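Here the chain labels run A, B, C, D, E, F, G and H in written order, and each chain numbers its own residues starting at 1.
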Amino acid sequence: MIEHGIQLDHLREERLGFDEAVYAEGKSVEQIAALIVHGVESRARRLFTRLDREKYQALGAPERAALDYDPVSRTGILGEQRAPSTDSRIAVITGGSSDVAVSGEAKRTLEYYGKSCAHIPDVGVAGIWRLLARMEELRRMRVVIVVAGMEGALPSVVAGLVPGVVIALPTSVGYGVAEGGRAALTSALASCAPGLVTVNIDNGYGAACAALRMLRL
Amino acid sequence: MIEHGIQLDHLREERLGFDEAVYAEGKSVEQIAALIVHGVESRARRLFTRLDREKYQALGAPERAALDYDPVSRTGILGEQRAPSTDSRIAVITGGSSDVAVSGEAKRTLEYYGKSCAHIPDVGVAGIWRLLARMEELRRMRVVIVVAGMEGALPSVVAGLVPGVVIALPTSVGYGVAEGGRAALTSALASCAPGLVTVNIDNGYGAACAALRMLRL
Amino acid sequence: MIEHGIQLDHLREERLGFDEAVYAEGKSVEQIAALIVHGVESRARRLFTRLDREKYQALGAPERAALDYDPVSRTGILGEQRAPSTDSRIAVITGGSSDVAVSGEAKRTLEYYGKSCAHIPDVGVAGIWRLLARMEELRRMRVVIVVAGMEGALPSVVAGLVPGVVIALPTSVGYGVAEGGRAALTSALASCAPGLVTVNIDNGYGAACAALRMLRL
Amino acid sequence: MIEHGIQLDHLREERLGFDEAVYAEGKSVEQIAALIVHGVESRARRLFTRLDREKYQALGAPERAALDYDPVSRTGILGEQRAPSTDSRIAVITGGSSDVAVSGEAKRTLEYYGKSCAHIPDVGVAGIWRLLARMEELRRMRVVIVVAGMEGALPSVVAGLVPGVVIALPTSVGYGVAEGGRAALTSALASCAPGLVTVNIDNGYGAACAALRMLRL
Amino acid sequence: MIEHGIQLDHLREERLGFDEAVYAEGKSVEQIAALIVHGVESRARRLFTRLDREKYQALGAPERAALDYDPVSRTGILGEQRAPSTDSRIAVITGGSSDVAVSGEAKRTLEYYGKSCAHIPDVGVAGIWRLLARMEELRRMRVVIVVAGMEGALPSVVAGLVPGVVIALPTSVGYGVAEGGRAALTSALASCAPGLVTVNIDNGYGAACAALRMLRL
Amino acid sequence: MIEHGIQLDHLREERLGFDEAVYAEGKSVEQIAALIVHGVESRARRLFTRLDREKYQALGAPERAALDYDPVSRTGILGEQRAPSTDSRIAVITGGSSDVAVSGEAKRTLEYYGKSCAHIPDVGVAGIWRLLARMEELRRMRVVIVVAGMEGALPSVVAGLVPGVVIALPTSVGYGVAEGGRAALTSALASCAPGLVTVNIDNGYGAACAALRMLRL
Amino acid sequence: MIEHGIQLDHLREERLGFDEAVYAEGKSVEQIAALIVHGVESRARRLFTRLDREKYQALGAPERAALDYDPVSRTGILGEQRAPSTDSRIAVITGGSSDVAVSGEAKRTLEYYGKSCAHIPDVGVAGIWRLLARMEELRRMRVVIVVAGMEGALPSVVAGLVPGVVIALPTSVGYGVAEGGRAALTSALASCAPGLVTVNIDNGYGAACAALRMLRL
Amino acid sequence: MIEHGIQLDHLREERLGFDEAVYAEGKSVEQIAALIVHGVESRARRLFTRLDREKYQALGAPERAALDYDPVSRTGILGEQRAPSTDSRIAVITGGSSDVAVSGEAKRTLEYYGKSCAHIPDVGVAGIWRLLARMEELRRMRVVIVVAGMEGALPSVVAGLVPGVVIALPTSVGYGVAEGGRAALTSALASCAPGLVTVNIDNGYGAACAALRMLRL
């Protein structure tokens, strides 16, 4: 891979328990194709994130075929898919239907590592009864990932209601003071709910990895 | 008052229905004393805000006696107090006991204009059942002022539950990303709850004046 | 709607007196079409905001026909239009002709709920006599929504002249320090005019909903 | 407690598994004294945070005696102390000796809930061999809390080396661009290390509560 | 002066038409005393700014006597005072009585250079009729310096009403979003009024120097 | 013009000595065409700013012909051009060849009002000898407008060398910390050079209007 | 060149030891073509930066042929290329494969001035063993340029391990709090590693020039 | 030292060529005393930075005597002082006499490592002839550290005039937009002068260490 300016990290799986994921945003189509071919040849499994539809479609047919690609979450999975466990007790909640790209990245990362999750969409604080109606289910979860851009209060409310681990995953959906996800991030960090933790805006991959570290405990 | 660099605004009451309030923060003890003496002599009513205890105690005894002073809200009222109406249907909610200085400024401003209000303290989102338990009472209110520094999600949650006017009043209580009230302000502005309005951080006087404009409707 | 990742909020009308509005910005054409079809079938009224012309034109002919669409304000109204009341005494003022998209969103939201409003365009502070000439009319209003991006001083000036409720609605029109509406928002929040309230930048829907809550008083 | 403007949250323990902690920063000596007396009378355990030495010393002798007070971490513990578990496998790492107030708040919160922790001080990135020398020990931990103000790179480096859960706890120690902890917070959120999570600047209590939620899994 | 780490700029008067002013904020009492003694000995005139009362009072009696000191504006003038011209047609307007320290620095700088100015205090936008009542006078001015911290709209309004040069001089008076003068500065820069210019927050000396450059034209 | 949502300000010329300029950025082609037609019919002179090439080319042939259009500065002038005075003693300096759009807007505004100016391009601080070589010429100027995006130090250096009025005109050219012109604006405001004044980023029109106000003195 | 609004700086080479580089971002194709032609005619060597592929391809064939163009780093070199020295002992390290545009600009600038450099790609902190494996090589370097957008901790780690000069070169690659390179810049400036220096985000040219100044020592 | 929560870094000298410096700001008097005693006993040399006068005077007499303390730069040196080299060709320039605390920290750090430096005070851009008069001297320097808070343009001007390495050292002296040194830092980073490098605000120690790394080349 050196000729493509890429140095793979073979030790990451051993050290951290994670394969090296490929963040496709700044990479060329040629680099991504080379990574797929290398993965196929070495029978490696590999997760691609931030791979947008245009770049995916610019790949050759064999590379496209090798990849289990999902355009909404902009993720591609190379290699055999593990059967997801059915009792993971992880939930992914979204505040609005616009947050689905980011929640999808988290969900696909969990699936790549063999964990299924419950998905509870569109339960924003502006109509909090929708959330309260799901509370019994949520209180049984071990980890709840709360995905919210314009519904910045949601992680705080959830973390005040459930005893499991709550991970705030702010999204860049929003306008005005909420532009780029700053309001959602700030709300999560400033929350009074004891023990709420946060990852970077739009970092669905990171939120899922955090959940995976926790589930190993 | 010109010799003290102050020009009173006699038309404000006629134009806006508000007396000119005295923001004491940047004023000297001499200026404040002159304003009290002038008010006593002209039999004017007047509200002083941001008058801290040290400055109050540095006034002469007659000036101190002329003022109905409250150290928590740092407000002083000059002139006869009107009997508060008993059916204003205004509530002031606070997220934490640290927000009481700001909620006090709002409450005292309302009282200065003859309006009583219900005060519901310490009902933060981290224990949302405390808020839900008061919901019937809150849903009957015409205006709810939600005072919150560290509980930035509170105005959003309230505005999603009650049909009356909800005014977010962020406070400068907080640390880290919440320092100076920025997180609370941002949360209020970014809220998805339809029709939530906001005033500046710590502006208890402004929130009360907004409520008063609304009650005239 | 669940297959489209959308969970409608049937209780919002009952709880808050508002129908659930559809924020179209992050939604796909398919999701919007499904919401229109569902609305037509269930004879529901529904307001769509931030629905830009490209997305509207990508809808099928029946969906387009079902919607009363306005490209300037980027709003669509589904279902029968109520006859607007003629005595609402609400005014919408704009500082410049560039603010019309945002003022239009406020105006259309009011109309959706059966309220007409007076529209006073292009009365910025740089030529304040245009505003002063309309003062008698403005002083009779119950609610004045002041829409301003580059004319950040306007809400403050209006709130210092009229006794009714004044809602600042900053817009993202502007450049340099005014880029994205931050200068207009800051000016509104920092204003000394007693009782001025503010909503998020470009939130015409929110300003109208605030006015509607106030008019119920 | 109502006469002190405080409403205790008796349901929090049941719902979340946490007692209500008392954030002492904005509270008066009278309020804190009342909370201690109330706690003693009702035989409640209670954790006080951000209780600085001046305020502690202004308490009456019985209140001071009732509290197990630590001036460095500014925490006080009321009620019987539980014997800490000896196999918690939690580590608290600090980047510099100036971060000890914040790491102390985390450590005391863990102890309040009966968890001991390993404390590894002063292992900043500027001399990374100190960290590498402790790696075997750290790789056995279930949760590592990394406390860093001026050593913003530390959480990232640790999360790239250990498989357990890593919680970044930025501190407000620093100057210039690092003032108030912003650089440390940003570094933690922006980290490429998979699964690093973050809490607010100086929020030692929050980091500990997050660890406690995780240990329940 | 070299032994005090100070190198005087003898060419400034010749090049720019301004003497070197002494910004006292970061200087020690010893440095300031040496500058006074040096000035007295060399029969130089000199303006000291940001010289607070504590530092002034720490000077020796001869140094204090040599200085014409004004504690409100924190300025000291060394050397003979020129008789101010009486027809300068400069006005200094302040939005609130808290802005007087900054307007005083501008006024004293003008006087040091032999220019008198009209001072119009306390004419904020919240009661705009006070400003309109002075309009004839203001329209005759060649330069109007508008000093405003909390009344950020004032420079914009004035520049929309008068044909002379208008200099916005924001002050650091304010709280919340207005803290440190940022709101006032932003409002002035973002103004639509044609030809409004701005100086740094609290820079009364700079605003006066700008006026002096203009008056030479 | 009312049918186009535009209300012209006929009093501005009388009050301020400026015609109303048309800021074309947020306006539609239809609005601009209507303004041109109205101007032609009423024999009015009018300046259009921020009129980009695409919008200009979308106008009809008669409207295009009526306008003296310059694509670099994005300005259009309607009506007879006045012969520029030849002794204005105004200079416009640019730090880099990328700043020419903004300096052009200033230059064209001056020309619209009959003032010529000297244009000194590309004299950045990184090669300060280019600036020093022009110093005699610059020291004779009454007003110097210094246009700089990446050369933020330039206004400060010029204002330290010439006795005339110096107006800093920051531009949005730049990257990294200079993105959007913030570094250039901050440098100008923070300058120690006595009497430097500033306008908003990219506000060539405003800088020229300020110069025009000054030249009337 | 004056007819293209460009004034070349012939003294820069003599004064600073650098030729004037051409920052192509804000320049038109005509200006760039003229600079190439002028360079060819005067047999000058010249470095073009930020010359993107579209602009390069819009040049005429002779101009394209005259330029040694590299699309990844967006640089073009005019004139004979010097044989690079082989013992420069400069390394350029990148944190991720997305940082290659910026590291390329640094590398090409060094080559323009006849210096080769070792390039060590893709050695982020998230897998720090890759960096540690290269440590012996790095410790022999005189200057190490560390290019990092998302791997903000990398410059700090390197500067804590090697005795040579370390220059942090932050890149604008990143999202959320890292957007535009701010997190990487802040991390570099806030680093505790003694003697780490920094240049602006994406300023590969500047980092290389700094290295060149150092190598002359 | 472990009982004081401090772990000394004995390898730093070997790895980086720097002793571990003691940043005294967040440390208690007891910790500092212990570090002095430990240093005296182990005959170690050690540099203390940010040791303010109050903390120094609170030390015991033997500890005070062991330290060569300078109150202006807030530095203390423990152990024998090396005779400074006389031909270092390093200059430290300050923009104003208020920057002397920071320039002193740089100067003392250089002296601790046996390097003398030329100190050129008070040569701000507002009177650039003072700088130009010293140019021959400055052009002979290998490294120039430019210390500036309010004179943010100074590093840029110097780096455009001298061929040696120029290190910008911004200081937190300033007000308004320059508060805390942000304007000076931004100006240095945004500079067009080729090869200017920067350290954190007030980081005199870091600037000196950078110079030391360079002098080893």
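In this section, a residue touches a chain if its C-beta (ideal position, glycine included) is under 8 Å from a C-beta of that chain, and two chains touch if they have at least 3 such contacts.
Here the structure is a predicted model, which is why all the values come from computation and not from measurement.
Of the chain pairs E-F, C-E or A-D, the one whose interface repeats that of D-G, sharing more than half of its contact pairs by residue number, is C-E.
When the interfaces B-C and E-H are ranked by how many C-beta pairs touch across them, B-C comes first. One inter-chain figure worth recording: chain A and chain B are separated by 43 Å, centre to centre, where each centre is the mean of the chain's CA atoms.
Spacing of chain A relative to chain C, judged by their CA centroids, is 34 angstrom.
A straight line joining the Cα centres of chain A and chain F is 48 Å long. Chain F has residues 15, 96, 126-127, 150, 160-161, 176-178, 185, 189-191, 194, 200 in contact with two or more other chains. Pairwise chain contacts in this structure: A-B, A-C, A-D, A-G, B-C, B-D, B-E, C-E, C-F, D-G, D-H, E-F, E-H, F-G, F-H, G-H. Note for the complex: chain B touches chain A at residues 95-96, 124-128, 150-153, 156-157, 159-161, 174, 176-178, 182-184, 186-187, 189-194. Residues of chain C that touch chain B in their complex: 15-18, 21, 142-143, 160-167, 185, 189-190, 194-200, 205-206, 209-217.
On the side of chain A, the complex with chain G involves touching residues 4-7, 9, 11-12, 15, 20, 23, 25-27, 31, 170, 172, 180-181, 185, 200-203. Residues 96-100, 121-123, 126-127, 129-130, 150, 173, 175-179 of chain C touch chain F in their complex.
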